[in-house]
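What follows is a group of structures, each given as structure tokens.
Below are two complexes that have chain A in common, paired first with chain B and then with chain C.
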Partner chain A sequence: MFKPYTLQSRLCIAGALVLMLALPLITSDPYIMHVMVLVMIFGIFASAWNLVTGFAGLKTFGHHAFFGLGAYGSALLSMNLAISPWITLWLGGLIAAGAGFFIGTPILRIRSMAHVAIVTLGFAEIVRICIANFSSVTRGEMGLWGIPQFEGFTLPFAGPITFSPADKVSFYYLSLVLLLLMLGVIVCLMRSKTGLAMLAMRDGEDAAESLGVNLTRMKLMVFGLSAFIVGIAGAFYAHYLSILTPASVVGLDLMISIIAMVLVGGLGTFTGPLVGALVLTVLIEAMRDLESYRMLGYGLLIVLIVMYLPKGLVTLRERCFPRPQE
Partner chain B sequence: MANVASAPLLQVDAITMIFGGIVAIDNLSLDVKQGQILALMGPNGAGKTTTFHVIAGVHKPTLGCILFQGQDITALRPDARCRAGVARTFQITQPFEQLSVAENIMVGARPYHSSMAELRKASEAYAHKVGLGDKLNTLAKGLSTGQRKRLELARAMATRPKLLLMDEVTGGVDMKSIPGLIDLVKTLRADGLTIVLIEHNMRVINELADEAVFMNRGARMVSGTPHEVATNPAVVELYLGESADHGH
Partner chain C sequence: MNLAIFLEQILNGLITGSMYALIGSGIALVYGTMKVLNLAHGELYMLGGYFTFFLTVQFGLPPYISIPLAVAIAFALGMLIEKLTIEYLIVRENWAFTTIAATLGLSIVLQNAALLIFGERFNTVPYYVQGVMAIGDIRLPWQRVLIFVVALAVIGLFTWLLKYTRLGWSIRATAQDRDAAQVVGIPVRRVYMICFGLAAALGALAAAMLAPINAISPWAGIPVLLKGFVVVVLGGLGSFPGAIAAGLLLGVVEAIGVQLTSSEWRDVISFTLMIAVIWWRPWGLFGKK
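And then the complex of A and B:
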């Protein structure tokens, strides 16, 4: 992780980037664009969860709380205070980060990871129940609709850019920019000395602490940052779909599919969460024809991948073409 | 200079450690002078490792305090004690298993290098020092017990400590490797490091320690030179015949 990029990895990154940038030129089919926007939203979410669980070793099952807080926070601010979604997007992230610090504080004292999972899961349930019941503000289970879209702007050389349900391409590029931005933050952090200290904390808290790693500060930082990134993803989701319900953004099944994406792709790797988000989101769409058998097939595939590639799809290449040990 | 030599680097001042009714350390005091190697000896359960935990900040003592360079550090967390200059190794090694040998050492050396390239270079030097120069890119989970002990030593050294706590560095290490470890500790002392070690191997204690403290049931039973301690009738009696053979 701390080695310089090889030529091969640089080429892979460049290739993937070109493909992502060029995709709307190949097809601007609204359905495909919609699926790809979801892939990128889930990609951001999965990467942020992977930051806390895969890199920092804190097994949290309550990150959907931050997704919901970002989504509802940004939506309500833009609806009630008439603030531009371009600004509330970041405010939604900050609200989620605030909640991340709030829940991070009690977690610091818990050494047992099973208890961390339960506490965070409980916190997310509290958030969901609050959103469902403060119906005077959130409209509860009826759902919050009429969330403002991003305002259009004019890009030099490209002309006016508009964001409307009919034109998914601009959402595609916006979500791609957000994904690259958030991923850039995570990669820079993890390749720094702080990232090194974080991995040390994951592998042995006592040893890391004896080598000068401030566990309290590290856990709070990683929790806050991860919550912020998930909050941004949630806020974008709110302004993209324009409608929110407590179950759709703070439901446990959302968290479970994110966990599945990271495990299928590869926990504790940069590309794993992205690969997982792509594969599982596309897969579930591709199996729509199977109707009620869809979840059966989906579950079976997850079981097979976890059984035969326990470290995720990103290890597929090494599995097929094993390289000699250094 | 005379001032430094006379004031102890570490003062363990009348600490008592009680865990739910069990007295693990009973009113123990230790003075460790600058440049000294002090050995803690005693049977299993005597409170040696607990003493290390208290000095390193893992446990706060029920009573008493820890002075380091004349400062009371009793309230500091382990990471703050590391920054103050106290480093340690663990009895049961705790390598960062998913990190390579070089990366493990880099964790300790973080504060002293701004770029990752410099940090790696410095860490590789420590790896060479402890004889892990050919394992730089090996993941720590693939190391043998002896190699893990060396890795912990390198990691602790990389924090540039003033005081090093070594918990059974020769435990589980094959006999052939022990002379190398002894030489390594000698070079550390020559560099001015002060060391407290927990050790069962009498040969290692005789070669290294200036002073030995024999603990039993959480308290100091006997202290003096390693030879004095090993030949003390009370110590010999505690170990029955077995330890008397070791002493000679």
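And then the complex of A and C:
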């Protein structure tokens, strides 16, 4: 993680970037664009979950609470107060971050992984039930619809940009920008001294504390940041699909698919969550006929990966062709 | 508020609480002994309910045969699951996370397999005993009284088992120090398997007793698992007596809370209680630091 970038890794990153930027020029088929937007939303979510779970070692199972809070927060603000979605997107992230601080506070006092898992799961359940029960505001299980779209604007040299269900390309670029922004934040954080301290905390709390890492501040910071990023992903999701139900954004099914993505890709790596999001989302779309087996497949995948490939797909190459020890 | 109705609600709360205690003690037993958080516990409950349903309704067996049989099947299934997954994971590094993730995956698999095999229908079992018990103005169906009696009997049995049998000693020794237990010749792996089986049996028994009241469906396990978690956090994770006390307490608190608000807030009440306890006493109401 702290290795300097090699020429090879630079080329890989540049290649992936060019490919992502050029994809709409190759095909602007709305369906492919839609799938790719979903891949990027889930990629942001998965990367943020990986930040707390894989890098900071706080194994949470309730991050869908922040996705739901971001989505509902942004949607309700833009609908009821007529604030532009461009602003509520960030407000949604802030709401989620606030919740992250709130739930992070008790967690940082406990060192037991089981407690963290239980508390976060319980918190997500509270959020889901509250959204479902406050039906005068959220329309409950019926779902929220008619969420405003992002307003269009005019880009110099490119002409007017509009966001509408018919025009997926602009959503594609917007989600790509968000993905790169969030990834940039995570990568910069992890390659900094703070990131090093975070890894130290994951690998040995007592040792890290004795070397002067402020565990309390570190855990709160990473929990809040991760919640913020997930909240942004949720808010974008809300304005993209413009329809929300408690089950679709705060359901355990969503969290399970994210966990499956990160585990398949590789927990505790930068590329793992992205690879996982891409592979699983595309796989699901390719096998639409088997929709009723989807969750069964996720469950099996999680069990098998954990048992036989605990480091995920991205480490497959090193596993198959181990490099000689230097 | 009418006093009789209020007392009735408290009693109902205690009865529900006794079931929470059974479910929570299963989670506590596995966590206390193996330090594994079993996210598939709810699905073992759900399958226990289905076993009871099939044996009682489809095969027409009387409840005093079908329930022990269902519990025995769940025991065997629990041991099998432990043998196939946990046993491999627990000896590896990072086991605390991998076991949670594996049982989470397992819970999804079991849930969706049940959905595909048994269908979406909500199944109920007829009451095991008919009639209503009346003391003064307080009226309770005998079925609920039976639930409470069975729960108390099973808790008593388990307390005896843990305290006075060789198996109980092995379980407690393994819980205290796994390596030391192995050194003095306790077959730790077998103890793990039996513990997992016993937890599954406790869950299945709770499901069997509740089957006439709570319908059995593929999703029946999720709320049960979350309630079980609240119970073990309140009681101090891994503490068997703590789980029982917390279960009863949670039942009563919920009953009062539901009286004051409405039943759709039941789960919010219990999760909020859990988070409040985590803030105030992270090691649980009855646990030691």
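Keep in mind that, in the parts below, the second predicted complex is superposed on the first by the 305 of 326 C-alpha atoms of A that agree within 3 Å, B and C clash if a C-alpha of one lies under 4 Å from a C-alpha of the other, contacts with A are read in each partner's own complex, and residues count from 1 in each chain.
Definition applied: a residue touches a chain if its C-beta (ideal position, glycine included) is under 8 Å from a C-beta of that chain, and two chains touch if they have at least 3 such contacts.
Only a predicted model underlies this, so the values are computations on that prediction, with no experimental measurement involved.
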(message) So in the superposed three-chain picture, is A:E209 touching just chain B, just chain C, both, or none of them (first/second/both/neither)?
(response) first
(message) Per the contact definition in the header, classify A:A197: touching chain B only (first), chain C only (second), both, or neither.
(response) first
(request) Pick one for A:Y31: touches chain B only (first), chain C only (second), both, or neither. (result) neither
(request) Using the touch definition from the top, say if A:F134 reaches chain B (first), chain C (second), both or neither. (result) neither
(request) Determine, under the contact definition given at the top, whether A:W86 touches first (chain B), second (chain C), both, or neither. (result) neither
(request) Check the contacts made with chain A and report whether chain B or chain C touches more of its residues. (result) C
(message) For A:I256, using the defined touch cut-off, is the partner it touches chain B, chain C, both, or neither? Pick first, second, both or neither.
(response) second
(message) Help me check something: in the complex, which residues belonging to chain C touch chain A?
(response) 31, 35, 37, 85, 88-89, 92, 94, 96-98, 100-102, 104-113, 115-116, 222, 226, 229-230, 232-233, 237, 264-265, 267-268, 271-272, 274-275, 278-279, 282
(request) Spell out the part of chain A that touches chain C in their complex, as residue ranges. (result) 53, 59, 61, 103, 105-106, 109-110, 112-115, 117-119, 121-123, 125-126, 129-130, 133, 252, 256, 259-260, 263, 292-293, 295-296, 298-303, 306-307, 310
(message) Quick check on the complex: what are the chain B residues that touch chain A?
(response) 56, 58, 77-80, 82-83, 87-88, 90, 94-99, 103-104, 106-108, 110-111, 116, 119-120, 137-138, 152, 155-156, 158-159
(request) In the complex, go through chain A and note every residue touching chain B. (result) 2, 191-193, 196-197, 199-200, 202-204, 206-215, 268, 326
